[in-house]
Structure formats: structure tokens, C-alpha cells
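Each chain gets a letter, A, B, C, D and E, in the order it is written, and its residues are counted from 1.
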Amino acid sequence: MKDQHVHHFEHTDVKVGVYVCHCGINIASKVNVHEVVEFAKNLPNVTVATEYKFMCSDAGQDIIVQDIRSGKVNRVIVASCSPLMHEITFRNATQHGGINPYFFQMANIREHVSWVTAEKEDATVKAKALVAAAVHRVSKHTSLEKKYFPVNPNVLVVGGGIAGIQAALTIANAGKKVYLVEREPTIGGHMAKFDKTFPTLDCAACILTPKMSQVRSHPNITLWTYAEVENVSGYVGNFTVQVKHKKRYINADTCIGCKACVDACIGPENIPDEFNEGLSYRKPVYMPFPQATPSVVIIDENSCYHFTKGGCPPDFSSKNGHLSPQLQSLLRRANECFELRDFQETLKLTKEILKSSPEHQETLFLHAQTLYQLGMINEATEVMRNVMVKERCVAACPKGSVDLYQTEAISEIQVGAIIIATGFKTFQGERTTQYGYKRYPNVFTSLEIERLVNASGPTGGEIVLRDGKTKPKSVAILHCVGSRDLHSNRYCSRVCCMYSLKLAHLIKERTGAEVYNFYIDMRTPGKGYEEFYEKLCHENVHFIRGRAAEVTDWVLSKAELGKLVVRAEDTLLGMVRRVPVDMVVLSVGLEPQTDAEEVRRKFNISCSKEGWFLERHPKLAPVNTFTDGIFLAGACQGPKDIPDTVAQAGAAAAEALALIDIGYVEMEPNTAFITEENCSGCRICVALCPYTAITTDPVKLISVVNPALCKGCGTCVAACPSGAAQQNLFTDEQIFEEIEGVLEYV
Amino acid sequence: MSYLYYPGCCCSMKASGKAYEESLMAVLKKLGVTLEELKDWNCCGATMYMAIDQMQAFGMASRNLALAEQQCPNKTPELMAPCSACYVVMNKTKHFIEDYKEQVGTPIRNALKEAGFTYTGKTKVRHPLDILVNDIGLDKIRQHVKKPLKGLKVASYYGCLLVRPYSEFDDVHYPRSMDNLMEALGASSLEWPLKTRCCGGSMTGTVEDAGLRLSYIILNEAERRGADVVVTACPFCQTNLECFQQRIQRKSKGGISDLPILFFTQLVGYAMGIPERELGFHRLFVPFHFSPKQVVTEGVE
Amino acid sequence: MSNSQSKPSDFTPRIVAFFCNWCTYTASDLAGTARMTYAPNARIIRVMCSGRIDPQFVMAAYRNGADGVLIGGCHPGDCHYQEGNYKCLRRITLLKRMLSQLGIESERLRLEWISASEGDRVQRVVNEMTMQIKALGPLKLNIPQPEHSHAVPTQSHTPKSKEVVS
Amino acid sequence: MQQETPKQIRFVGKLDPDFVQKMWRGWKKVKFEEEMDPQFAEKVASYPGCNTLFDCIQCGTCSGICPMGSFMEYAPRKIVGMIRAGFKGEVLTSYTTWLCASCYACTVECPKNIKITDIMYALKQLAIKEHMHPRRLPIPVLARQFFEIVKKFGRNNEGKVVINMYFRTNPLLPLRNLIMGIKLYLRGRIAFTQDKIQNIPQLTKILNTVKM
Amino acid sequence: MSKPKIGFYWCASCGGCEEAIVDLNEAVLDVVAAVDIVFWPCAMDFKKSDVEAMADKEITAIFINGAIRSSEQFEMAELLRKKSQFVISFGSCSHEGGIPGLANLYKKEDLLSTVYSTAFSTINPNYTLPQTQTKVPEGIATLPELWETVKSLDQVIDVDYFLPGCPPPVKLVVDAVTALLSGNLPPKGAVLAPDKALCDDCTRKATKPEKLQHKRFYRPSEILIDPEKCLLAQGLLCLGPVTRMGCDWACINGNMPCTGCMGPTSRVRDYGAKALSAMASVIDLNDEEEIQKSMDSIVDPVGTFYRYSLATSQLHSAIHTNGGK
């Protein structure tokens, strides 16, 4: 550099200590640690270079502390694992020794070297390069101070399944304010659909519904159902979240759940009931299930006549005594014509009726509909104005809670931590075409069976075939549908073996049918799980170790006529078996929610390849994400059973509490700064900052970074044309040194 | 629309699938598709060659792919292979050259280079069913139907190789394309689960009982479900299911009765009103008669 | 120059990889945790965001003997800092154009979006890039050697070759 | 006690003279590790597409779906398991591989995407290479006939291949199939004249180059 | 005490720097009065032998302009170094390689073949090329050898100070000479210009918008340039933000964007890469295709960003061995 301050690399006052970790044999088996140490000794400014089995242990850290205290070193390099793992540990040790913690740099020779390199020689060379880079860099480190920011004490929990419920209650019981946002009309999630839970066979409703009502009544919980998180901004301790309240068409605050509107509704009654997996039907206005929380109905705009046809149609079944028989028959004919899509005729008839009885509302309505169908929108609207028919639900509601003109609303809240508990979805059975789901009526998914065995389900707990009456005499349960299969999902869904056993037990108990379990491996690793499996063996349930090859209905013998035949190899017997059954249950696996990707982006967290939200560390930080202040609970992170989900929800709640309870967050001091005398005020940086942390000083006409807003991405530094902007911990100097160091020697 | 035509040994004018070729030509001509025969094509190697020397088998098949490129230098050659075995073998070769570059790709490319070819891998291998359903389209076929096959119950039999494992135009477990085609002709297509089950074709000549057993299962099920005719897309399946019917009847002690086995192109041609002789109906062992009596008179519904 | 290995057969390319802290650096940690073996040629330098990567760094890497530069950032739309990866993309797009004028093959500068879960992608990209650069051979710069005896300014600081060290 | 034991054996032996012998042979059912070929699995896996065989979890889907499974002495799942265990002799001499009809059902069904059909091809090739294939089975003979004709002429001739095979396996069979042949001939569906391609040297060149 | 001796020398450059000295106008008289000019081949008759005859360090300060591309220039630079107390690199070419440095994009052979053969104005049917040695009737004539690449002065000899600019602005020259005469010298290696970018006191600074964002850039010929408004804000590729101040906005006042002759600030290592980074940061697009299209508006990136500094860039010259351009 041809300038006034030509820098000298060899600082006389810099004394670097290099500590190379063996990490047991994790590093030492691939990297010749001794060679690296010898190499480091010859690097500029290095005064100490040594090795140790476990640098992260107390004894290892103590070496650093002692060397600093004795004045041998004043810059510290630890060559060990990833900084994402132990940077904080060693910074603390450095500080403990008595120097600024940021006089420390880490060389990642485990994750980036020993674990990924085939040859020892190559690994050693790469480790040397990384150590040299750190040595070069550390001499440019400066003393920095940590930043502290206050934390908003409120917590947002996204998702109201058992995970979200548990997390919300834990935090609320600790006296903190919780917002629980659920996108369905009720909380409860998948668990609310189950009848019994394995292996104890507790009634799911009995253990879940009390928790649901606790959530509803807890003074510290604000429950928003049928609402979705729209946008998240801010950072740990200070998130701003916008929640969208979807159009429920019911005022949830005043609805008392009396269901008078449901009784009054004359809308189509054949809408498949989502809660019952389409095994029963509901009306456009409905309560998802009797114990729904909040106990508030919802109007489905896709089927309600108000939205599909502009209003409730005339009800000819009710008393129309004030009409003359002639008018009544005219009205009936007009309606028939309308149903037959003969709009011209309808129009003619309604005009005729209107001539004799101009105030008649049903006719006016029919008239309007016809006009609408004919595309005469303006005329239809005009006529509709004259229709005074109140929608029946509106009329029936004693509280006036029905609001068919409800609009979407947005609430904005401030929270310090967010727990994501968005759960899973089950695998769609029709994706494994060989099992004929949706082709053969009597192939069911396990979730459908859960509803069938549920006492409050569509059949009152009767297990019947799709015809709604026949009890199956034989049932096959196919495991691993949509799991352990490269055509769908590679992973094991963890819960299917156990719930299949539970269903086998329940089916056997309720119907006495022969039950065949087709499994690849029986996975029952949980408290009391293996015992449950043993119990089933005693119950005379058939276990066939073999993945079902296909479900088919071609016959080879009389006994197979009219049955579904499951073909599989019984691998323990080494024979192919054809098992004719009345009912096939697909034990479908668990999958990430369809919109997991969208949610991930909203919260700026990561997904695994399969789409499960990624935890910060699989073992040591299982509920943390890579974004500070956002935690994971339950099956959104991976398939989980109820005990694990509840445990994890507790863990997430504890993490969130730990964050908000201390009241402040520590921030890396890696913010950008602009040196006043170097800045020319060109303003190229201003527009780049995503956090509006850079502004122009109105007097000096130069750019200024607000360190409280800066998150430390460094994009302004990369852009700054005159090198006036720099980033703490990542100055140009430091990175140039790192580049030189990483290439200079090996 | 024009395609390169790869007849294959079974479909060529001299072999068992002659009727397939005749009907295919007639139908495509009617639909305005032009074909150009692949010059000096050689046997694809079929399933047999693989058993002796896989690399040579890939070599054989790849020569055809390279010939196609040579013949169509300026566009993507679309090579129509009517026989399922040819179709799968050539597609497999294409995939193996790409998927196993070191083991297969490089030696094959070298060999082709030695023989004076430049192989880029752009040749597409197509099956007539794929072409009829996806390129020409059912709408156009519907327009050409002169004699709707109303009331005819057709069991569409795809055979094992057609939709497995390298073709991409239909579901491997439960294909629908041929069924849709049959419905476009006015026939009613039978829902049955054996659409892609092996007919035992390659076994019948050698381990006869095993082969016949597999054919029996298919014929029996089609008959049980009331099929009037089975249509197939592979010369091997057709020969197997048809020519050995008498023997199967004997073996199964009358378990099945005569069931006509047609190539799907024959039935397409028939519905289009092409004369039976041009469609090779005279070559059938089990004659096919479609009596209009079977037609449910309209208006009852 | 350290990349003076003349025989292509003995040539081991050196790649400087700038990985963003949140996605690609984490992904390469994941590759490690999953023990995915890959070419040892990429030396990783951590930055907080791909938006921090100054084209000067790329030039400095070449200058100091790198045969290739790999930049890893979050997928578009995934940036921890909202749009840092796009800013990187803009700079690298223009830089690539300039490098091609300067006779540097496009394979020597690679920008990849690798999310935290894509350890296998780190493996694939590094292997691929190593192979490509091996095929290209070393990057031979034409840096003027100091022809006077006075102190060498850092700017034209020349890396020592392997032999000097060992 | 010591006196009684030989007595018992003698007693059993009296009942069934072969029984003791059978018991001795029964030992054959126990497999000793030294009889295995530890390299066998690697050898099979070295064929293109076959290295997936190590992904097998023995779920049995392949055997379950295999239409020929009931005719095989070892169903596909067992074959894969035996390859991995190193049962070279048993695998290569078995009929199973030759009974594979190449219908690819197992390949498309396998949840681990193992190309079982290709493994079968690899086994056939290995068996021929090691001269271990079952001798009198017509399938390898047919394959060999087909191979020779196609190699020589570039195209196949169904009639010729079949007739050649019959003569090499069961010379009486052609008589049985004569009527069928005549019927086919009458309908123009069989030919005995050999069709061949023009550029045979080119084909030979390709085949010889790949062989190397 | 005798007057300090100073000299001027001219290597690969256009001569504009010599003009700059004349541009000192009246000040030149003060200079001449204060010093003895002992060497100035452009203006007065001095020979190499005159310099050779001097004692080492006899010259107080030598101002060398122009880049170094031939053996002769190098020889003279070395000689002058030996005979001078201070060597001052004068002007862009000497400082950073300057415009001649752009020749580093091409191979020497290509340059020669363009100049001596393919250029449309060249008539050279025998393709005669300059040789270092040529037989003539009188014996052997020698010419200096042309080097493979253009180098800056400090790449061949030790330089004490740099006076940037194309040519160096009068004010900076006067300041430098004053400093020399007064002995009030900055540390060795300094660039004798303020270490801040040109925008700092740009006459148009007040018209800068809060955020600078563009979808593309414009060349001066493409738009009607507002003579008052910040040029970068108008979408012109003004390199003022990247370039040292001190030029008194010669180009800006001429309503033309800055091209960067004053070189980078001390904190920037590679002018072109930094300028590129800054300018690419102004582009506000996310779609890859749109970005590509937008970058088309920068026609010649090397010529734009490395106009004066290719020779001192990190890469020094284009790479031909690897099959580049």
C-alpha cells in the first residue's frame, strides 16, 4: 500500500497463541496435529503453539487462561470445531484470561477438515492453511464491546396443536403474556381427532380438552383462531408480527356457541367434514367438533348460499300460507326452471308472479338470481336491493354475532420470542397408487380409521366399511406408507408402528376381526411401547414381516372373491402370501405442512431437505433455530409422538422464558461503522441497508451507522467506494489478512 | 408431425407382430403422421442380450440412437419404437449412458466414436401409445372415429415394460392412457388391476408352464370381469396371450374361454373405419367380432 | 508464485470459499457432521452474509495464489439479512463480466446458493469445482516481480511457495 | 447314560437307515463363514446400477410383487440378501436369475430404488462367465442363441432362434410346437429367412470396442 | 547553500504531465527561482550522460511521469533513482499505469501485429517489426526492448511520493513542491492528495438524493446531462465516490462524470474491483435476467473501472495463457 500508513504485519506487541485440539480422535485421526503445531510455531507473531486432547474441556480452556495471564500470549487461536459450536466457549476463556474476548479467532479443522477429507495428508495441509489464516487475521483484531438490547416480554406461539398448547400454557403459567395463533377455526390439532393414545390407551379427548379450555380461559393467553401470521420483522427480543384474522363471518368475541345458526341453516348439508376426514357431512355454518375451542361456529364461504348464490334461497318447505295456491305453484315452477338452468323461463315466471304480488321476496330473489345467471349483474343488484330476506343464520343468532360482511383484519403485536409449532400433515394415501387408495373404497388411511374408532366420530365409534354399515371381518394394516420409501419419503415417521398397533388393538376390540399387520421393521422404542407390542401378540393379531407389495382385487381362489387381496412376502417364512381382507388401513407417514416453505421464509428459519424446520443443533440445541429468538416445538421439526412433542414444547417454552426473563439480549458486536474523516458522503451505502441503520448526517453530509439498528451483514462495507465503512470482526484488513494467510504457506 | 420409425425384429414385416405394424401404419396414415424408417436399424438387444453381455447390449441399442441422430441432424430425433421391449431397452440404454457415465457412458461413447458416430444423447424414444395420446391427442382421434365402439368392454393391457421404469408418460402402477384412448373410441374401459402384470412372455418359449400360468391369470381375470376383448401394446404379449390360449384352456381344464387379443392400434383403426384386412385382423388366432347388438340402445338412460 | 506447479497432473487447485454464516457455512458444518467426504481443495472463510463479499476479496484471492473462488450464500429470498444475497449476485454478475475480459475462465468464480440443510450440495459443488479447475490448470498470473531491492509494499506482496516453507 | 446314547442312535438307525446320513447332510444347512465369498457382493455391485443393492432393508416388496416369484427357489429378496452375505455358489447356480422375466416390477416397486432386474442381469452374466449357470435349463441356451444370431446379423430371427434352442435342449419339443408353427406361418406371422443389416462391420466394431 | 536540484523525466505517457508543469503559469517562475532544474529533456537539452556524470543523490527530487514499458524507460528510472534523494511518481501513468496500462489487456505480439499490420491505417506489406538489433550499412543499430506488460513506476523502482491525476492538478503540484522545499514531508510512500473521495466537497453534493438506486446506467452520450445535479444520481457512471479528491472537479465542472484518474483512497487495494462493487451496489434489481440486462449498460467493465489502474490492479494484466481473450 503506497500510503502514509504502510502497515507492518509483524506487530511487535502481538503475541499469538495457537491451540490445536485433537477432539479425542475426531480431529487427530485425520489431521497430523503435531505437524500443524510445528507449522504454527513458525508463523509470524506466534509465541505459543500447542496441542491438547479436548480444548473445550475445563483443562483445555485453562491452558489458554494461564498463557494469557502469564503474559505469553495476547491473541488466541483455537483450531478445533466449528465456531458455531464453541466460539462462545473460547471467547469466554479468552476474557477469563484477562484480555478482550474478541482477540480470539477459531479455525474450523473438524467440520471443515477432519470430517470431510479422505486423506490424512490433505487434511493436514488444509488444517495448516486454516490455522495460518486465523493467525494472520487475529493480529488485526481490535478490542470490542458487546451490545445489549432490552427484550419484549411477550411470546408468540404459532400453531395450536398439542405442542402449541403446551408451550403457551407453560409460558402463561410463568406469568408471561402469550399470543397463540392458530389458522384453523379451533385449536387441538391432530390430537383432537384421535380416540385413544398409545401405549396407555388414554382417551385423547380426556387429556387434551381440559388443556384446550385452560388456554381459552387463561388470563395471560390471547387466543386467535382462524388467524395466520402475515409478516414478521425485527429480531430477537423485538419482533413485530402482523397477524391476519381470516374471515370467519362470525364475531368470535360474542358467539356463545349455541349453534342456533347451524340449526337454522338451510344450506347444502353435503359438505365433506374436514374434521372427520370427509367421512361425514356438515353445513356451511358449523362447529368443527363439539369440543372446539373456542366454542365458536364458522361460516364456510365456499358453500354458503350467501356467497355462492347471493343469499339463502326461498324455503318452500316452510309455511307459505299467505300465498294463494296459484302463486305457490307458480313459485314452485319458477324455482324448478331455475334448478334446470332454464333462466329465460324462470325470468318469465317470476315476472308474472311479481305482477300479481310485487312485494314477494322469494320471487324477487329468484328474479335477481336469474338476472345474475344471465350476466345482467347491474339489474340483479338492483333487484337484490329490494330483497329484504335476512340470511337465516343472521336471523337465528340470539347474539347478533353473524357478520356476513366481515373483512379481514390485521393485528400488529410486539413480542420478544416466537415459538413455532405448526405441526405436520399426513401423507396422502393416493400417492402410493399400488395400494389403491381412492380406487378401492375400502382402503382407508389411518387418520380415517382414527375418526371411525372415535366415539364422537361420524359413526359413533363403529368401525364400518365405506358403505357405512358392514363391519369388516378382516383388516390389513399396512405400515410404512409414505415412509422409508424413496418414492415418497426416505425417513421413518416414528409414530406409525405404534399407532398401527393401537389401531390393531382397537379394531380387534371393537369388531373382533382378523387383523394383519404388514410391517418392515417393528419400531417400538419408547416407555411401555415394547410391552404394548407384546400385548398385541397375545391378542392374536397377525404380524407379517414384509412390506405389502400391492393391494388388489384380482382373484385366484373363491375365498378371495369380493375381497381386497394384500400381496406380500412374509420374509420370516420366506413365502409370498395373499391375504384377502375386507378393509385395508394405510398407516400413512408424517410430512411437513404443505406451506412449510412459506412459513420458513416468513420467520427466516431453515428447513431440512424434507421440509422439516431445521434445529440449530440436533443434540445440543434441538428447539433453537438459526434465528435467535425463534424456537421450534413439536412435529414441525420432525415426526414426533405426543410425549416427545409435549416434552419439546416444554423445552421451547423454557428457552423462550430464559430469553425474556433475563430482560435483555446480548448482540455480537459485528456491526458496521463509518469513520467520519474517511467518508465523502457519497450515499451509496444508504439505500443498501435493509434495516435503515444508515442515515445521512444533515450537517456534515456524511453517512452515519446507527449501531442499534445494524445487524451486521456488511453489505454497506462491501459497497463503500472509499473504504470508509468497515464492519467490526470483519474489517477489510482482517479479511485480506485471512485471504493471504489461507494461501500463503501451503 | 413426423417420427423416425424403429420397427424392431418382432414388428418387422416378417414376424409375429406383423398385424401391429400394419394397423399402426394405417392408423398413423389416417391421422396424417408421416414416418421415416430408421435406416439400417439393428436389433435392440432385447432382454436376452443383457443376460450375456450387458455392455454389448448397450452398444447394440446405442447404435440405433446414434443412427437416429445421424438421420435427423438438425432436430431432436423422435424414434418411435412400437415394441415395449425395444422401447424399454433403448430408453434404458439412454439412461445408463447418462446415469453411469464412467461405467457405461464413456465406453459406449468411445465405441460409437470409433464406429464413426457422434452421439449427443438427444434422441427421444417414443411409444406409439404415447404419441397417439399425448402428441396427436384424444380430441383429434375422437374426430376420426367413424364406428364408435359403444358397448364394447375393453380390457386395456399395457404389459410389464411399457410404463416401467424409464417411460414417463403414465403412472407405473395404474396407467390410464390406453384406457382413455379406448374411451375416446366409444368403448367402455374395464377397471382391472392387472394392467401391467407380466404375461410371462419371455418364459413361454422356455419354461412353458410358468409362462402359461402368468398368461392364464391375466386372461382369467379379464374374462371374469366381462371383457369382450383385451387390447395390448406389445407384440410379445399379443402372441403370448393369443396363440397359447388353447394350451391354457387345456391346462386350466377349461378355466377360460376364447378371448380376442388385439393390438390397441387395431381397435383404433377399426373404430376409424379402416378395413379389417388393412389392420391385419385376418392374422388373428381368435377372431374378433364386434356386433352392434351389444350396443345399448340410446334413450334408455 | 505458489501456483507454479507446472505439470497439470500434480496440480492441486486451491479454492478460496467465502461462505455466509447462516446458510452455506452451516451447510458445510452439516456436511462435516454427516461425514460427507469431499475434495480438500476449498478453504473456507466465513463472512456474515454473502453481501459482505467485496469483489476486492476475489481479486486478492487470485492475487495470493487461489485458482478459484467459490462464494456461497442463502437461496434467493432466504437471506438472513433480507437481500444480501441479491446484492452479492449483482456484484458477482458484473465481476464475472470483468473477469472474462481479463481472461479468467468463468469456472474460476462460482456463486452458489446453498441452504443450511444442503450439506450434500457443498460436497457436490466443491467436488465439481475442483474437477473443473483441475481440468483448466493453474491460474497463472503475470505479476511483476519486484525489480528493486527496497521494501516490498503489501500490495505487491508475493506469497511464498510451498518449497520455501517446507 | 453313556451306554444309552449309542444305543439310541442305533435304534434310530434301525428305523430309518438314511436318517443318520441325513443328519450328517443336515450340517450343510449351517453356513460356515469360510465358505462365503466376501468379495461377491462388491463384484455384483460393480456392474452399472447394481451398487444400490447395499441399500436393501429386506422388506420383501420385490418378492411380493414378482410374478415369477412362486417358481423361483430363492425369491428376489433372498437373492439380494444372499449376495450381500456372500453365497456365491448358491446364487450363481440357482434357477432364480434365469427365471426372471425382466418385467421390472421389482425395480419400480422397491422403496429403496434398487435396480433388482439389473442385478439379475449382472448375475446372469457372472454365472455365464464363471460357467456356473444351470446346464439343461433352456433359458440360457435361448439367450446364447439369440446373442449369437443378433451379433452376427444385427437382427433377430424368431423362428431360427427357437428352433436352435429346441435342438439344444429338448429335440422332441419342436414336434409338439409344430402345429403352432404352421398356424403362425399360415397367418404370415413367422419367417425362417434371416434378415440382416447392411453395415455389419460397423456393428461389430461397436461391439468389439465396448468389449475391451 | 545552493538551490535544490530538481528534474523531470517522461516515460510512457502522452506528455500531458509536462504540460501540467507549464500550467503552473506564474507559479512556475517561483519554482524556477527556488530550484535548479538539472534535467528536463522535454524542455531543455539534457543527455543521459549528463545524469550519469552526476554524483549519487545529487538531484534533490526527480518527477517521473509515464508508465514503464521499455528497457530504456527502466534504465532511466533506475539511473534517476540512483542519482536522486526523492523520486516522485508524477501523474496517473506513473502512479497506476494509467491509460497505457490498458495495453495489459493484450499480448505484446497482438499489439505489435495490430500496430504494424492489421490497423487500417498501416501499410506494411513485409510486416516489418521493430527489432532490438538491426543490421544497417553502418553496423548494428539497437532499439530499446518493449516489455511484455506495462508497469507503474513503483513496480520497477522504489518511489517516495506519488502525485496522482491525469495530469496532476496544479494545486497539488504546488503543494508538493512547497513541501519539498520546506522539508515538511509526509511519511514515505504517501500519495500527495487528500485521502477522501471526490464526493466530499463536490459542487453537486447538495443535489444527491437520499438513496442512490438505478435500474441501469447511462453513457454520457445517451442522456441530456443536467449541469447542476449529481451525475451519479442521473444514472451516469461517475466514479467520484471511489476516487481521491484534489482534482478540483475538472471533469465534473465540464459536466462529465469522473473517470477516476486520481486513484483510490488509501483504504482501497484494488481500484477497479472496488469501483465495480460500488457501482453494482447502485443497481436495484433482484431478478437474475434483469440484472444481466442491466449490466449490459456497462459496455466495457475493464475500460470503465480500470481505466487508469489496470497495471497496478491485483491481477496486473489480463491472462492469456489460460485461453482468455
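As a convention for this text, a contact is a pair of C-beta atoms (placed from the backbone, for glycine too) under 8 Å apart; a residue touches a chain by one contact, two chains touch by 3 or more.
Quick caveat, the model's predicted, so the values are computed rather than measured.
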Between A-B and B-D, the pair with more C-beta contacts: B-D
Of all other chains, the one whose Cα centre sits farthest from chain E: D
CA centroid of chain B to CA centroid of chain D, Å: 27
Gap in Å, rounded to a whole number, between the CA centres of chain B and chain A: 47
Centroid spacing, where centroids are CA-atom means, of chain C and chain E in whole angstrom: 30
CA centroid of chain A to CA centroid of chain C, Å: 35
Per-residue multi-chain contacts in chain E, two or more chains: 154, 189, 268-269, 274, 277, 281
Residue numbers of chain B (touch at least two other chains): 172-173
Which pairs of chains touch, using the document's own definition: A-B, A-C, A-D, A-E, B-D, C-E
Chain A to chain B touching residues, read off their complex: 433-434, 436, 439, 550, 552-556
Interfacial residue positions of chain C with respect to chain A in the complex: 2, 14, 16, 21-23, 25-26, 28-29, 31-33, 35-38, 40, 43-49, 51-54, 56-57, 60-61, 64-66, 77-78, 80-84, 87, 91, 115-118, 123, 153-155, 157, 159-160, 162, 165
Contact set on chain D toward chain A in their complex: 57-66, 69-70, 75, 77-78, 109, 111-113
Touch list for chain D against partner chain B, complex: 47-49, 67-68, 71, 99, 101-105, 107-108, 121-122, 124-125, 128, 137-140, 142-144, 146-147, 150-151, 154-158, 162, 165, 180, 183-184, 187-191, 193, 195, 197-199, 202-203, 205-207, 209-211
Chain E-facing residues of chain A, complex: 1-6, 677-688, 696, 701, 715, 718-724, 732, 736
